[in-house]
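Below is one structure; the comments refer to it alone.
Per-chain numbering from 1; labels A, B, C, D, E, F, G and H assigned in written order.
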Amino acid sequence: MAALPARQRFCCANFLMERHTIFDWSRKARTGIPEAVFAESKSDAQLRDIIQAHQERKVPLLVTRLSGDQIEALSDLPLNVDPLARTATLLKSAPPPQAPQIMVVTAGTSDLAVAREAANSAEFMGLRVRIIADVGVAGLWRLEKHLPDLARARLIVAVAGMEGALFPVVAGLVAAPVIAVPTSVGYGVAKDGSVALGSALGTCAPGVVCVNIDNGFGAAAAAAKILLAP
Amino acid sequence: MAALPARQRFCCANFLMERHTIFDWSRKARTGIPEAVFAESKSDAQLRDIIQAHQERKVPLLVTRLSGDQIEALSDLPLNVDPLARTATLLKSAPPPQAPQIMVVTAGTSDLAVAREAANSAEFMGLRVRIIADVGVAGLWRLEKHLPDLARARLIVAVAGMEGALFPVVAGLVAAPVIAVPTSVGYGVAKDGSVALGSALGTCAPGVVCVNIDNGFGAAAAAAKILLAP
Amino acid sequence: MAALPARQRFCCANFLMERHTIFDWSRKARTGIPEAVFAESKSDAQLRDIIQAHQERKVPLLVTRLSGDQIEALSDLPLNVDPLARTATLLKSAPPPQAPQIMVVTAGTSDLAVAREAANSAEFMGLRVRIIADVGVAGLWRLEKHLPDLARARLIVAVAGMEGALFPVVAGLVAAPVIAVPTSVGYGVAKDGSVALGSALGTCAPGVVCVNIDNGFGAAAAAAKILLAP
Amino acid sequence: MAALPARQRFCCANFLMERHTIFDWSRKARTGIPEAVFAESKSDAQLRDIIQAHQERKVPLLVTRLSGDQIEALSDLPLNVDPLARTATLLKSAPPPQAPQIMVVTAGTSDLAVAREAANSAEFMGLRVRIIADVGVAGLWRLEKHLPDLARARLIVAVAGMEGALFPVVAGLVAAPVIAVPTSVGYGVAKDGSVALGSALGTCAPGVVCVNIDNGFGAAAAAAKILLAP
Amino acid sequence: MAALPARQRFCCANFLMERHTIFDWSRKARTGIPEAVFAESKSDAQLRDIIQAHQERKVPLLVTRLSGDQIEALSDLPLNVDPLARTATLLKSAPPPQAPQIMVVTAGTSDLAVAREAANSAEFMGLRVRIIADVGVAGLWRLEKHLPDLARARLIVAVAGMEGALFPVVAGLVAAPVIAVPTSVGYGVAKDGSVALGSALGTCAPGVVCVNIDNGFGAAAAAAKILLAP
Amino acid sequence: MAALPARQRFCCANFLMERHTIFDWSRKARTGIPEAVFAESKSDAQLRDIIQAHQERKVPLLVTRLSGDQIEALSDLPLNVDPLARTATLLKSAPPPQAPQIMVVTAGTSDLAVAREAANSAEFMGLRVRIIADVGVAGLWRLEKHLPDLARARLIVAVAGMEGALFPVVAGLVAAPVIAVPTSVGYGVAKDGSVALGSALGTCAPGVVCVNIDNGFGAAAAAAKILLAP
Amino acid sequence: MAALPARQRFCCANFLMERHTIFDWSRKARTGIPEAVFAESKSDAQLRDIIQAHQERKVPLLVTRLSGDQIEALSDLPLNVDPLARTATLLKSAPPPQAPQIMVVTAGTSDLAVAREAANSAEFMGLRVRIIADVGVAGLWRLEKHLPDLARARLIVAVAGMEGALFPVVAGLVAAPVIAVPTSVGYGVAKDGSVALGSALGTCAPGVVCVNIDNGFGAAAAAAKILLAP
Amino acid sequence: MAALPARQRFCCANFLMERHTIFDWSRKARTGIPEAVFAESKSDAQLRDIIQAHQERKVPLLVTRLSGDQIEALSDLPLNVDPLARTATLLKSAPPPQAPQIMVVTAGTSDLAVAREAANSAEFMGLRVRIIADVGVAGLWRLEKHLPDLARARLIVAVAGMEGALFPVVAGLVAAPVIAVPTSVGYGVAKDGSVALGSALGTCAPGVVCVNIDNGFGAAAAAAKILLAP
């Protein structure tokens, strides 16, 4: 490991996602995905430093899990902020029109924040995204009219809290792989997302894989690795 | 409480379900539902005693949760045994043709044992039953062709293990109340039925109520109280 | 599924409960139950929009899980608000005198908020409701004087936190089905309602079915499906 | 601690319950309670050695949690065996007629094994015992006829599995303290006794204290410490 | 049950602890223990009403789980308030000198609040109390000097959070019964008191019984039932 | 949904995986993946019927989770059995040489059974597979020599029990997406695979997605949907 | 135990860590480690009293788990405060140059607070400390450059939240024992540190021992007992 | 990492513990600790192969977690077997007299199997061991007479199930570090060792570190790393 010409920093804690190469054999991975920062455990000053360093180097940056206070404290910086998704981007142009498209499907409006974190992260990594909101299985006909579109997707990110029935229902109807993002939306036994997580993992519907509760960014990262791998 | 002219023994532990009246105001409840016994904690001799006492009194009896060994040990008695459901009945005629009908819907063939316990119990209590098996949501089209029939049911008992997505899907499509019976079918996070139980309780689909894991008898008892109440 | 002449929107997340028909066979379900909205994940603006849209269309509406701040923010609107139950209704007349009546029974005064959510929701759906409060089993004689009334009920909604002993006690004494609503009232091992939920599910008393912790609305919806089904 | 003239060995693991004195001030505790052994983790040879050592010293002995195989392997020894309770005693005479009496109350027949362990242990420690079996709250009238007797008891050991509603119901009706013994009788959410334990701990009925699941011996030991303390 | 000449209201939710008699056989229990109210779920107005009603009737009253805000809001009333214990008493004289004495032992200073709730409640019910604070087992010599006193106690209430080792250590050293009160003091795996509760229930030390986490009042009620029973 | 020209039966309970099309828009999915059966809940006779039906129709079949007894009972049938993986295939030719290849990486030899279920399932669905066994992170140098090969993989299935550190370590070193399969290998806190599952979900390493514990088949199905989608 | 010439008070609740001797045989332990106080459950006045008492006696003191408010309230006292670590020391000189050195390794910047509590506590007890921050396994090359230094350490304290993969990775690469400190950094399944704890306990990497979640002080105390024992 | 001259295989899954060096900087670690194998997941043939390979190379070997059947199947090999500890060693001489000694302390006889696994493993790694059995805290005087010996130990391995009070009690009395090994001995809430584990982690007694439930080998490995590090 002596000669590490480049690094792939892609972690969530201090989270400088440089996706450069590791060793010689991964050189082709050096391009493309810009950096990301997980804001939750960071001070305003730390965030400002990271953002300005990227600004100076003209390196695009994604910030996730921003609080309302953090958004306000950074409001003088040239960030593209989505308050619902709690994300901000710096120096990011839109994905090229020929980029692969993913579908982000949500069960309820309460799941939209996590869905938008997934969508913004995926666009930041170079994927095109289409969101289909509010198609929970308590009213299957709302899902039905989108089935032709879902069938054309190469990958579906399904975002659901409560009982998470959206995951098996979508996976049973389409050919694309489904990345399930359980959300912490729910109360009583479904509080904190554990039932939705269990639904994503416990289903026998084929082709469902799962990320951590509320981890929209993680779903986007997996989608990017699946669809943008050289 | 001094004068208790009759008793309603309807419990699962030693389980003599006489459903007679309690106090004066419940007199109209005195008729109808025959007795039941939970076999799991009983010796062969105890079961034989209970069954023969009913035989002598010519009182119908339902036995649930019989093991294979218990079924064999009691094979000389005039019982109507369902080995898959692990139930046996004594002196029971069919429900009258005008009795209310319930639908028992199962997600997978593995859930059929619990579904048959529910069905046999419900018939024993005077309900007519129709079973629709193997309509899990991993393939929604299998459920679809039964929707007209489900729409005519007055009450649906839905039996599912794994992720239990059948409960919200059925409840979202029909007008009848749904009694969910989570089953212990599953492995990993879905082992022992906890995910299916969470799905039944955590859903926002309207009109779903729930009983304990694998408790087909309990669903039947609730259905009988709902549909046969005077 | 091509021709969906009407919809039954009855969900809790974005929660527009239109209970129209699905397919042809459910046409008779098209009438009756007005719409409902779950306020917990909604902004003041979103709630105001939904309420005013119903006001303009002269469509009755139920709002549940309102916070104190939300109630204040919407105080200029012509809503009928119950601050304890955290519910509000729009354009709702009383149930007709011939409507079926349910009994809502609570163990302690702390359970009254959830009981009132159940009662208000049930009235909104067309049921008449009688509340019997504070009959927890730590003093059974308080329950006893209500037994004749409970015996006349067609359906009982039992609301209890702590150890939830009310559920088996009531179910063992009356002929009516019991919908148990565990509440999050309690501390230590009984915190968040898990013991009360276990009591509702684990009892061998016949005819107890259960909904999620604190889900008074869900109990009312099930009661309406049971008693108002055509 | 230099001079330890006697020992109080009263533990369950290797479990030689000598209840002699510790230090000078506990001298009055030196008499009375004979020894006990927890059989579950012991070989036949170990048990035989312990029993024969007591036999030679003419010291009474209680053995708990004997398996059927252990009972058979020790059948040549002069033990007084209760196979249902899985206990055996050596050299034990009956409690004197003036000994305090406790009541042991069980919810179902399945709880009888644990109740008998409690009863046999309590008698071994010098208490008189009366068992009232099968008075679960699914049929409260069965409990009612025993209320006058329960009211005369100085201490009640209540033994229940499933949802454990017996604990608050009894405690709410009588003046005596109640030691709750949750049992592992139950299935689904009530499996392994956790719901019954939660009921014993989470109740607001006054005067309920609790021991570990299935720990009939522990309830007896506490009762003896309460009623036989000098 | 028709003629209920008196009532024993002793519950924690709405909590009017009148401990009057139930039926004829409990007549001698009619006197003595004054009333108590659990403040946690009550409004300032509700508390004020209850307290003033007792003041007018000259009936002693115990209030537990008062918040700092509630204490301030009721500061004009003639209550005897213990802010650390979060209790208040009305019209209560000291226990008579011949009353039985209990020992309340705490592991750490953080457990003192719960210990004082137990002590104040016990005194309110007529017991004399001595508190021995800060004798946790991380330094056993601190416990040692109190052993002679502990040996003279008729009943010990042990209050401990963290790993709860105080319960088996005390029970192994003294002859008196031990009522364990696990507290929610702790962090990490010991957060919310579950490890201390497990220690109280899982120990093989004889004579330990347990109440709910932080339930000092419950321990006092059990002690009163044990020591003051006629 | 009236005209369902074909079906995609791909479920695990009764598990006939036909992957035909659903609706018109999924027609291109009609080819390719043969059928599969989950053996765990099936009798010998049921399995024999299913296998012989496929044999007669000359349709390839995959059977998973076969017990040793089931393998013996079916030993006269022309199945290709892998006793370690507990799988059997019927009428299956090797994947074509141009098929995409996945890498299956295992932490320990105990994880090899699940890894082989994943590998056999993936080959059955048309993927080429290479297994790299026994590269757990307790000795990272064992993993290092395989890094160049891992870098060339288009998709990695990582199989690990115990603490599951393999998942973040591999994902942090390579560009390919990682499907984590936690296994039930472990004891104490790691029993039943819950820690390995938590590691797969809780990591901040990018591009890790997860399936249920021991679900090698599910990982293969997701891999096939990712790599073989048209 | 009669003659206790000195005490070793080293506990976390009221936490006066005097580490004097117990009995004669531990006399050599009488020197060295100064006192410590756990601030979390203490009032400003209590803390001020303890600190001033030490100041007057000229006894060094460590305070842990200080809140921001407590730090401000004590700002007039001559304390050496580390706001990130939430620790303060009084009258403490640096460890001597010949003191053993430990390495404190952290996975992410979010774990730095706990790492600094460990480091400050260890220095207070007489150990030299070197912190290596931000070497989480999502990018193993960051860890690699520190391996020569880690190899020279006599003891490593590893601090990690999320999935805790740092523990097995470090333990598998170095000869020194590893004390794992799981942190509560994480969300979803990894919330509150349970997955990191499971990783520390469930790993098969040799030489990993574990303390409670976020317990940096405990790791330092164990390190001091290991390296400074006479 | 290109040149790995030696390996440290010390893992539990396939578990060849060679403790050779890793990289240049760890050369001094190349000597000493022989190999070990975890038998639980291995076939008789696999074990025989591993043992014979070591026999031929004249390399000492430790085998842990042998079943009774495995011990019988390997009875022709020249192994030194301890059936209670379920360990076997090959070609192992005794530790030299100048080797550091550890004390292994057990709470009950049921914990002796795990204690012996720890002791045999530690001796195999070159430590001298003394076992002090059956000093559980239910009778502290049994522990007291061993305190002078415990005070002389350089390191104590404490082995306890049930409530695990031995861990804080020992750690509070001696200067040596304590490695806690919770065992799965217990029932009810203490089943599977979770309460003992919580006690080891949740205690505030200083210097307690912990390994996985029943992991006697892990405690020995940590002790060897602590005491034998160069």
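One rule holds for everything that comes next: a contact is a pair of C-beta atoms (placed from the backbone, for glycine too) under 8 Å apart; a residue touches a chain by one contact, two chains touch by 3 or more.
Computed from a predicted model, the values in this text were never measured in an experiment.
Enquirer: Taking mean CA positions as centres, which chain lies farthest from chain D?
Expert: A
Enquirer: Check F-H against A-F and say which one is joined by more contacting C-beta pairs.
Expert: A-F
Enquirer: Compute the distance, rounded to whole Å, between the mean C-alpha positions of chain A and chain C.
Expert: Once rounded, the distance between the two centres reads 36 Å.
Enquirer: So what's the Cα centroid distance for chain C and chain H, whole Å?
Expert: 57
Enquirer: Taking each chain's centre as the mean position of its Cα atoms, how many Å separate chain A from chain H?
Expert: Each chain reduced to its C-alpha mean, chain A and chain H end up 45 Å apart.
Enquirer: Taking each residue of chain D in turn, which ones touch at least two of the other chains?
Expert: 1, 8, 10-13, 22, 108, 136, 138-139, 144, 162, 172-173, 188-190, 197, 201-202, 204-206, 212-213
Enquirer: Would you tell me which residues of chain E are touching chain H in their complex?
Expert: Result: residues 108, 136-140, 162-165, 167-169, 171-173, 186, 188-190, 194-206 of chain E touch chain H.
Enquirer: Spell out the part of chain B that touches chain D in their complex, as residue ranges.
Expert: Where chain B meets chain D, its residues are 1, 4, 7-14, 22, 40-42, 182, 184, 192-193, 197, 212-215.
Enquirer: Which residues of chain F touch chain A once you look at their complex with the stated criterion?
Expert: Its residues touching chain A are 1, 8, 10-13, 15, 17, 19, 22-23, 25-26, 28-29, 38, 144, 147-148, 151-152, 154-155, 172-177, 179, 197, 201-202, 204-213, 218-219, 221-222, 224-226, 229-230.
Enquirer: Of all residues in chain G, which touch chain A in the complex?
Expert: So the residues of chain G touching chain A come out as 107-111, 134, 136, 138-139, 141-142, 144, 161-162, 185, 187-191.
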